[in-house]
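Below you'll find a set of structures to go through.
Each of the two complexes below includes chain A, the first together with chain B, the second together with chain C.
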Partner chain A sequence: MSLDAIELGKSGRLERRSVVRALLAERGDMLAIGGLGAPAWDITAAGDSPLNLPLWGGMGGAAMMGLGLALAQPSRRVLVITGDGEMLMGIGSLATIATKQPRNLSVVVLDNEHYGETGMQETATRHGVDLAGMARAAGITDARRVDKPDEVLALRDAIRGGAGPLFAQVKIDDASLPLVLPPREASILQARMREAILGPAAHLQ
Partner chain B sequence: MQRDTLESAPDAAADWPDQIYDLLKQHGIRQVALVPDAGHARLIRRCLADNDMQVVTLTTEEEGIAMLFGAWLGGEKGVLLMQSSGVGNCINMLSVPIAHRTPCPMIVTMRGEFGEFNPFQVPMGNATGAVLEAMGTLVKRADTPADIAPTVDATLRLAFNTFRPTATLIGQRVIGAKTFGK
Partner chain C sequence: MSQAWHEIVLEVLKANEIRLIPYVPDNVLKPLIAAIHADPFFTAFTTAREEEAVGIVAGGAMAGMRGMVLMQTSGFATLANVLASLPCAFQIPVLLMISERGTLGEFNLGQAAVWRTMRPTLEALAMPHQVITRLDECGFIADRVIRQALMTQQPAALVLSPLLTGAKASPVKAGS
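This part shows the complex of A and B:
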């Protein structure tokens, strides 16, 4: 993947959908959870898949869902892509995840410093809260801030090859993009992912 | 006053915590999410000693609702252990197993009822069953030691056979009332 694939928004910050496309391109059997709001639309825009679990609710729970999934499927990569507001609501889960040190779990926060779905009100990161620093202090050793295209590519490689847990705070442009909605019936979303992981036996467990 | 008298804990001879552990094994539970409660202390020790169980101590109980959903996505069964006050921290997150139609069994040790000493335990203890039922959870109570194992068994079966949040509430009368010399 070339640097040209990573775009910048009008603010000069990273364009969120090009970041997500890069992280999910040629993903193999990597599982992805998209946090409530724009990250769920972003993973869908990158290509809806049974390997995606876009969330329509459960604000604050995305990272912990990633932990449960990563513990259940230790041989697969699990990537949680969520927003700064969603992560802040479940910020304690960074401590919980750090205590388990799951090698196959990555949590990527797309940080536009606003609550995008509700009218662009400011989040705490707008006022300088350092999510990567909080993750590192919790005990997630590889906790990085990502501002530039080459850092996105390095993150992509780290998610695929490195030893987790990994946390990234990706500073993104705050433009609101057209909705790309996944299926809204959540029982289908979970059943299709379970079948993708477990095969038809998923429905007989 | 001894510190341990501030918390309700079962008599050391009580074997219902071991019966719950045996049920978790029979049902193939692999992930145990918890915020500690003195009433669950013996069960937690059993789980921690089991290399086939992942015990995850949460910072808040709602994390456990989310974690159990992730576990089920990956084909593993989990259970959430907490005290009644913790149920109040779970309310909105219960939308996750409800909307996705996934199992979410909870085993709750009750505070705020028989012989409670701490005023802060009463509001949520008094509301635990109503709050869970208002959020679509199948709630069963166990108020005698003999009731606990069959009730927990039913809670696990209902969760994994019918794909929804379920809860056993273990009454404070079973766990141990406190008099604090009063």
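This part shows the complex of A and C:
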């Protein structure tokens, strides 16, 4: 992955899908949760996979789904990719993650400072609320803000390093992109991920 | 000497390999919570909101670690969206144990008001649920509800009635 692969949007901020593509490239057996809304479409645009769980629901719960996966599979990396509105809705999750300190969990918030799915109303981050600062204050030591392509590549290395928990607030361009929808049937998304983790026995457990 | 309800529940959880127990505390659940923390079989911890605990148990179930969320009635009332759109829609066997507050001698009118939403919400979600009222039925109901949830890949709720737990009546008397 080279720096050229990370694009900037019209605003000069990072282009979301190129960021997600970079974070998921050559992922190995890393699990990925895509939070409700655009991040679910973003992880699908990077390449649909049984290792992906694009959330059609569970508003505010993406980071906690990731914590459950991380606790159940401590030797496997888990990456949660969600939006600023979704993260704000479950902000107490930062305290819960800090309490458990899972080394294999990374939470990446794609922060466009707006509720993109509902008409681009402003979120709290538009007014300067510092999500990375909140994560750090909760006790997630590696909580960083990401603005530039080289910082995306450093984040990618840190996620693979597995010295989590890791939190990143990635400032992105706020353009709304064409939908790239994952499979619609939630029970299939569930069953294929369980099989990817647990093998064929997943369907008998 | 017969077992207490929380000793029975602990055995049922272990027999069914329910290890992951995120919870928001409740006074009636205190002996169960204490016993779970004292047993290294379990991974138990508090969350800021019940909704987080549902997400955690859903994630654990996806990755081979069974779990149950402990809460009281008012906590359940915060969960309709996450239950409908996550465990119900994705067919993930998230188990709930709800200590029933707001009935049979409640003194807090807010708790009494929110109690009225619990059964209609469970019915509206079409979520399997059983109320446990008797000590002699506790083990049977808890075990069968858990097993059915796991075998059918559906979330389910166990409601612990004050008739079972002997939850204390209000210390406040009307007019006093």
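One rule holds in what follows: the second predicted complex is superposed on the first by the 204 of 205 C-alpha atoms of A that agree within 3 Å, B and C clash if a C-alpha of one lies under 4 Å from a C-alpha of the other, contacts with A are read in each partner's own complex, and residues count from 1 in each chain.
Here is the rule we use: a residue touches a chain if its C-beta (ideal position, glycine included) is under 8 Å from a C-beta of that chain, and two chains touch if they have at least 3 such contacts.
These figures come from a predicted structure and were not determined experimentally.
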Combined model on chain A: chain C and chain B, fit or clash: clash
Partner chain(s) touched by A:193 [first = chain B, second = chain C, both, neither]: both
Which superposed partner A:22 touches (first chain B, second chain C, both, neither): neither
First, second, both or neither for A:135, with chain B first and chain C second: neither
Chain A residues contacted in one complex by chain B, in the other by chain C: 31, 33, 53, 56-62, 64-73, 90, 92-93, 95-96, 99-100, 186-187, 189-190, 193-194, 197-198, 202, 205
Chain A to chain C touching residues, read off their complex: 31, 33, 53, 55-73, 76, 90, 92-93, 95-96, 99-100, 186-187, 189-191, 193-194, 197-198, 202, 205
Complex interface listing, chain A residues touching chain B: 31, 33, 53, 56-62, 64-73, 90, 92-93, 95-96, 99-100, 186-187, 189-190, 193-194, 197-198, 202, 205
Footprint of chain A on chain B - complex, ascending: 30-31, 54, 56-60, 62-76, 78, 92-93, 95-96, 99-102, 160
List of chain C residues in touch with chain A within their complex: 20, 22, 43, 45-49, 51-65, 67, 81-82, 84-86, 89-92, 150, 153
